[in-house]
């Protein structure tokens, strides 16, 4: 891995990538679990909780679990890791514990956290303007360099972060449309950039109550992006996405995959759920 | 949850939300039920009926059950609750009773009852006009405030209501189309509002024989809305939806998911059905 | 059910409805049937035949059975009944007999026989013309009333009829297209009516060798109509539908669901097939 | 069946039909087969081979078997018969032998061999021209009648033929597109005919190395046609269909279903494969 | 197979084909594996490793294995062979070993490595130009022949090669769009060629860190091409495909099937994984 990918062409938005993400959703075979003795079921539950605890305790990266509402899944595991190899190892480690005998695959998604360089540049320029520094100012070059490098550091906090702590998650994959007349990838760069700015400003309105984690999946999985919204209020997911649906980037170009709504569960709560007791 | 979502932009219809809804549809594994002894089967049936009865007996919210016609399902449970956490708890509580071993997941849907503020405002203005009060009348401001606050109270009766009592239900999820040339979200607000008015007036014609419960699901599930029609005559579902299909909002913009037609069943009747006896 | 639906708007074709229809298609678990002893299998087969015989012996309505060709199904039951409650009761009664343990759900469809009032009116006017009675004739009003009432009686023979007796069936659900530029529901009523006339005249050419039963399913199931063709020659299905595909109503606007081709089986033959013997 | 279908309208291509075709594709439950004793497995294999041998030995019609490559199937049976009743009887006879317990339904297709009369007429006119006979020649009428009757005889060899003997098969169902602007069924007859001529001339280039069997399935199954290509070289399937994809009839109007690539197997080879030995 | 396909028409890109490819993806039934005794499981794992080792040791062709990330598969086998018969034999040989009882079919794909002659010709002409030889040079004809024959030899290294050795794979099938207005197959040859050139030049930028294997599947499987990217860095898949998405050939005309991301595993590692131990 000593060779970097070549620079993208002028029309291609430049992105920087961080952790690989695996969303891993299962239904539970409750009937089979119930057929276990109480002691066996407790053992399965505790082993599962221990597996999640140790997955989350990794040095670099993170793991979390959610109860999915509706029949689309019972449990979702969300893993952040540096390499696809680590994600594959987590998948295989789950298969080695007994809990996996009671998990029915429902959906999964492979992607990688991404931040657009345009976004970084836009923030840097805005901060320079706030400091009264224009491209004509003598200190512009140094100040710009400094701001960008601050942004890059801030970016690392987004690229290599832990799973946001909020109680609820809304996860969905999406594409930009490539229709016969409405085709995102055939739009001029400037128009794409302007639309993404409008799109971003809606996200910004919500940034205190929603944490967004955008991950790219072109060439890795069936859609182009995975989106995770984390909030302490599920109603906010509806409000945010509904408002975005009216801005051009979404109204014209967004194609959505399935939506998964989940409630964050600690390792202990996963144990409680698998053991068949109510989470209190 | 002490932070409210920000105000939506000027083009975005403002909505107020009430109960979260879970539609939960299952097929029954009749062959496995038949393999039980009569006493076992009765126990399973009674436990199921008791679970439904206690779910419906909740202080705030409601639960109901339906027989679905066709192979798309045998039973549908419909739950109204204040929070997604309560819905998740209901899902998990069903998994803890033996009946769930005989239920095969068929379809489910998560949404939240919504009322549009435009709708509220329109009704208030109409009532003011009926009272002869125009925007130029000196008492207009106070009268308007009073009417809106009456409407809000009335709205609460829709947002936080019990499951309508009628015998039949037609449930279906739907989207507004975002095609390449026909795109609801790219239409001017005025045209959208005019179309929704025409749409609403058809609904109004039927309001004495059909109760509509509209729930939003953007960001929560795979379609944008869930629609429940409740009536004592299934033919009315056909007449109402067919007539709507010719108004612009539906003719041009509606995309429909699967339709589920059901017959309301009491907890006792659910017990009778699971026990393998005919409902009388 | 003492309240009638309101009159539809001027653009909406008025229809009159008759029996509710349930198409109920299953594959057979032949391996499990073979594992039964000969006596057990005979009992299952006879019980199944008896269920079908008694379903068909209902006072009002009818039931029939077909062998479906191809893997899309082994058996199709077709029920005509006055109410959805009766159809639900038939579904539940099938679940109570042992045969149902060997039936794997494959497809089903809920609809209601419909006749368009335009069609009735058109026939009445044609007959008046044949009798030399024009709108200017003094006896026009009475004669028209008389013809329409004759037609209504004839209509009852279509709305509340038995399952046609012919040997073969072709069943398929369908929609009228609501595309971005080609949209049936956005066409003027006159053009829709003219297209349906052309469509109907092809059907008329075949009326001596094909019986059509059109049922509406808007608001009841996933497509807008169910179509049953009954004939003593399956080739006729191909000829009729292929010819229709070139008239405007079909060429431009028809969207078809799956097609099921079946051979009518008596209750005795169903018993023979389930018992594993060849129908002679 | 004493009544013939009426003549089609002037825009509808006239066709003549021959044998009904059933493509019947299964995966094999190899794990269950392996659990049999060697003697049992041999018995199952031999019974299966005998069933295929006797199906193929029918007086009128034919039956053949193929190994399908990829997971889309393990075995495909292809039956040619005079009536749908005979195809249904074959389906039921397969269900009566033990091999069927180890066959998992994968795909199937019902259609009927068809030849277009336009095609017949075109060939007849071409042969008359070769003989120097023009519409103005005095002997034209008789000669034309004679040529058409020759063609009809030749046509019978195509309508009622055995399964072509070549080693490989490519089977796929297809439609002519009915899009919003590109709609085969809305094209003038002359343009359709011209496109089919271009299409046919590509087929003709390959006729020495590929045998095509075209079957119609409008009103019988989910697509409009089934296409079987038979050749001793699978590469020819790719070359032929790729070349056709650039002629207008295919480029603009063809919609393709799944493709199945198979290797012809004798009854003996089917026995060898089911018994778990390698075909040599 | 002594007859070659005819020359394609002037609009059809000429291609030369090499090995047939089978992608064969399975999920593993880990619960059933765990129910085996340790000795049994080791035997199943070793037998599987031996099968893969001997498949890869074939004289002409190659076989490789991958761990697929996400629930879309656990293991992918990739086989290169001269004939479909050999691929069918490999499929059947896998069914004869016990490991196959623990493999659940997930996806598969049949295709054949292809190289376009345009591409060969373009490279030859470029090399002639580099040598200063123009179509007017006296030595042009001989030099051109020589260059093309060099290219053909180089082509053989691509048509009949081993599976590239890199650690990661991205596999996906794809089509060129045949929409109502955007239709690859209705574009003039020159425009298609120009777009493919732009497309190729992006691929070329990455050629040191990605090996592409393009295989055609028209007439063989459900999409038109299969694409394999092999690299030592999965991020490169994202960068390469994302950049291509903005060039016209992809932006306007590409339709993508599912994407599979895998990690190369040796026969020994496959044994380790099946035995339930972590790959180190």
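Which chain is which? They are A, B, C, D and E, in the order written, and residues in each are numbered from 1.
Please note the rule applied: contacts are C-beta pairs under 8 Å (C-beta built on N, C-alpha and C of every residue); 3 or more make two chains touch, one makes a residue touch a chain.
What you see is a predicted model; the values in this text were computed from it and never measured.
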Provide the labels of all chains in contact with chain C and in contact with chain E. D
What is the set of chains touching both chain A and chain B? none
Could you work out the angle of the rotation that brings the CA atoms of chain A onto the matching CA atoms of chain D, rounded to the nearest 5 degrees? 145
Calculate how many whole Å lie between the centre of chain A and the centre of chain E, each centre taken as the average of the chain's C-alpha atoms. 30
Just give me the whole-number Å value for how far the CA centre of chain B lies from that of chain E. 49
Would you give the residues of chain A that are in contact with at least 2 other chains, written as numbers and ranges? 180-181
Does the chain-touch network form a line, ring, star, complete graph or other? ring
In what order do you meet the chains if you trace the ring from chain A in the direction of chain E? A, E, D, C, B
Going by the contact rule at the top, pick out the chain E residues touching chain A in the complex. 27-28, 30-31, 34, 67, 69-72, 168, 170, 179-182, 202, 205-206, 208-209, 229, 232-243, 245-248, 250-252, 254, 258-259, 261, 263, 273, 276, 278-279
Within their complex, state which residues of chain C touch chain B. 1, 3, 5-6, 8-9, 11-12, 15, 17, 20, 22, 24, 84-85, 87-89, 91-93, 95-96, 98, 100-101, 105-110, 112, 178, 180-181, 183, 185-186, 216-222
